[in-house]
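Two complexes follow with subunit A in common, the first pairing it with subunit B and the second with subunit C.
== the complex of A and B ==
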């Protein structure tokens, strides 16, 4: 005999479990904010919250640094990278999935191998290459490597979406007189819009947060991005954890806001195509 | 309106030959239906005509002009797809006018043509709706509207009604027939539904395994099928077939012996048949039943199932081990399953095919 479950009780249990998991997941973020709001004496107290709260760390980092300039630099680098990645990867995916161009699958397979190379192993050759190009301390020195590293993953996502799109729509576009470019622009891109949003947000987050290459390539303040700023509050002989976590909070805020705004589109992009519509 | 000619057109995928070389001419203003079972190559042939699929060999000519390598718009074709293929991100108006927009027509011309098509297809009130907000029949009408706005020389329809339910299909069939009268266009219609082909087409091309089995007017195919495949495919319910031996000839008739020994006199058919073993075919609606049956060509069997359709009654009969369906245009309240009945095959309604 089957046991009967009370639906309300089940729902409560599920919600409690989900809340617990969420709380666990949120600890690093809450801790980051909490340390940013502590005095230097309380910085390493082994509690999640310490009283009284102080905003002095936030005032320090805002006063010490030209944050609007760093923010603008981050925004320029990130938006340029996102635009490049979305444009290149969607065109590449269209060529592979819709046009079935000769050799495109070999190119695709080759491109995929680059997903397996860790960034750390690329930094030295990249630094030499960028120095040769004269791209050290320029936006281009970050944008092009970021775009090159971001394109393979974006192509995987967009190619899968385009392959899942009904082929008749592309054929209907041909019958309606579209050339390849018009089919891409008027039919393929709108069809994979959820995937484009997903790829765009994903690339935005990873570019905004990138630190390693930015640290190597950017030395002049005028072009520095936000992620380099925390370095100055963490040295071998000196540390200001309150300021460090305050600036980390400030860096994370735009991303959190962005995610809140586009969360629906992001999740739809993750799930679209999972079930037949 | 345009004339379409296919000359030795074939299609192979690697070593697999889907369509052996075939010739077909479709005249100006003709409504031609390509029919056949799933996988017989009819849709592939339509795609070759549309320019969506390259032919492996042969030529496609429109009004005498070789368009074998041309893109669909250069051929002057428009196509309605089985799945409608409406652009999901465009509203009805944008879907219908898309081809004109791509052809860089002026906005007022697009708007007037869209309005004209919408009026013809009763879509006036739906122009701002998105495809997801439409019913199956409305979507189909939008797909047709998209095709007609471009004033195509040839209008291709790939199983346009197969995704609709039976009631809607009947309604849309009438609409397509009406549209055809208004458009006066050359139309090629692919379907596996012989009822659609019979009711809409001027001429039917019956295909099987990539080959053309017979071309002819609907009633011509119904009354004079060239072979057993066409006879079985055209007509619903399908023609009954029995294995028989030729027991004798006259100048006009065959004398056939069925497996249970019953002797049937059948019309000679078009050509003499070689060999003794043949197939006798008779349509369910041509079998005589009831009082006053003539003495010749009588057969007896046991009723297995009775299907009462209102105006018609279908009797499924076991004829000494061979299944047979007969259709009577009346109610037969006294007939029950298990009953033994006698009926008659009129000589003129019997078809004889090579086994």
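== the complex of A and C ==
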């Protein structure tokens, strides 16, 4: 509807330039896939593409390694964290934005200081704390710290959304005899669904890829998540880059595919969030 | 803080609080519990631990600020500070400029391809950082890596891997960080540009502002909330840099690419010096707090595109 006055030639040029920049930007991803598809003879060729393609690396690494186990570990840790963050942060945001509980804003400001804490300064005390809890090499040892680190950002987003929701709806719920829990469950949560989806997706991405704490807490193979296994494979397949990059592709693929599927909802949440101001 | 909550109470209609009995404080409980156990307690712990030193007989003695002084006297600490400065000063603006430029062209000049570009440029953000690091080690590799091969066409000769050379290692890692996170800046700016009020843009266009001039004098100033949140996120992100460095150089060669993440990791977990590890943790924490507070005081709080509300709260 807009930009009718732009000459078509101009738009074509912009598209071509964007595609060129994108092609350049995608080189590392393409390179990863390309090495994974090479025969051992071509594996060390200093080129982006090499022919012919072979899937034998993928078949070998899938057959020889317990990738589904690492995948499942990542999935359990990530889904638990997302569920915990969405539940806990929406409760907190509701208490601040709708119930206006006395003191809730002071707690909110305190909680926000978490956003200024780099994980690098927390790994040592967390490692010692989790050791005391006996949570080393357990899912809980990752899920709870991740949730604690994730909740504040989620609260910021959800609180802003709830504050912008029509107050009359909450008022009507109260008049109809809903208690706070019913208002939260039947009114607030459905109202901020796009925000919940956005927060959930972002938490999923950051938890799935978290490396620092996972590296310290997970030492046994049975509990390791996908992000920390590439290191051990880089030693194992040092002489066989084809196999190494096949496995790297397989490790990176689930989240990339997931993002492609959910990106529309993610961007919608981001756009809706920005309208808030 | 009390002033903020005080004002909010006045605004809050009384009846909202009435339909909330004391039990509604349970809504706040889980978040507060997580915060106390996994954020506040660890911070208190590192603070207190940083004043003690563990002796050979596993007894702790109070040493006051001695560990701090010894960390500050460590040349590696100052390499870390220099690297972190370089990291923040290069990655944050470069990611903003490239990401913002891409976002501008995607939002203002594409329609059918918009979703495709938005998604593709964001893919590095969702690609596991441990995978990315190993891919870039291969790219940088001498003899069989593609970087030395393709850069030689432009007359740039790389005799060895840039991550193996102390003078270039940190810059080689910064390139990887920029490559991974530019998509994030891009998407934040996309959200900002997509939400610019059309009336203002139309008014500017009527006044004759077109193309670059429109971008420079209207769009960029209006996107300052996004820029501020990217700055804040960039500072914290810089201080928690870890996986790229740990996986590509482990802080080497000879500490040349050491960052706070690897410094804490090496001291605490490789060398097992808890007191010193705690002290470095406290220093990182203090730096993060100071830098964040300075930014919030100067620019206002902007932690997400949706948080413009915070400024008025």
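Methods note: the second predicted complex is superposed on the first by the 220 of 277 C-alpha atoms of A that agree within 3 Å, B and C clash if a C-alpha of one lies under 4 Å from a C-alpha of the other, contacts with A are read in each partner's own complex, and residues count from 1 in each chain.
Keep in mind that, in the parts below, a residue touches a chain if its C-beta (ideal position, glycine included) is under 8 Å from a C-beta of that chain, and two chains touch if they have at least 3 such contacts.
Everything numeric in this text was worked out from a predicted model, so none of it was measured.
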Clash or fit, subunit B versus subunit C on superposed subunit A: fit
Partner chain in contact with A:166 - subunit B first, subunit C second, else both or neither: first
Geometry of the superposed three-chain model: angle at subunit A (Cα centres of subunit B and subunit C, steps of 10 degrees): 90
Which partner, subunit B or subunit C, touches more subunit A residues: C
Which superposed partner A:176 touches (first subunit B, second subunit C, both, neither): first
Partner chain(s) touched by A:149 [first = subunit B, second = subunit C, both, neither]: second
Subunit B versus subunit C as contact partner of A:111, first or second or both or neither: second
Touching partner for A:63 - first (subunit B), second (subunit C), both, neither: neither
Which superposed partner A:220 touches (first subunit B, second subunit C, both, neither): neither
Minimum C-alpha separation between subunit B and subunit C after superposing on chain A, in Å: 5
Subunit A positions touched by subunit B in one structure and by subunit C in the second: 171, 174
Subunit B-facing residues of subunit A, complex: 166, 168-169, 171-172, 174-178, 182, 186-187, 190-191, 193
Touching residues on subunit B, where the partner in the complex is subunit A: 50-52, 71-73, 77-79, 81-83, 85, 87-89, 98-99, 102-103, 146, 150
Subunit C-touching residues of subunit A, taken from the complex the two chains share: 2-3, 6, 10-11, 14-15, 17-18, 21-22, 25-29, 31-32, 35, 44-48, 87-89, 91-92, 94-95, 98-107, 109-129, 144-145, 147-149, 151-153, 155-157, 159-161, 163, 170-171, 174, 179-180, 183-184, 195, 205, 208-209, 211-212, 215-216, 226-231, 234, 241, 244-245, 248-249, 251-252, 255-256, 258-260, 263-264, 267, 270-271, 273-277
Interfacial residue positions of subunit C with respect to subunit A in the complex: 1-2, 4-5, 8-9, 12-13, 15-17, 19-21, 24-25, 27-28, 30-32, 34-35, 37-39, 41-43, 45-46, 49, 102, 105-106, 108-110, 113, 115, 117-139, 143-146, 148-150, 179, 182, 187-188, 190-192, 194-195, 198, 225-226, 236, 239-243, 246-247, 260-261, 264-265, 268-269, 274, 277-278, 281-282, 284-285, 288-289, 292-293, 303-310, 313
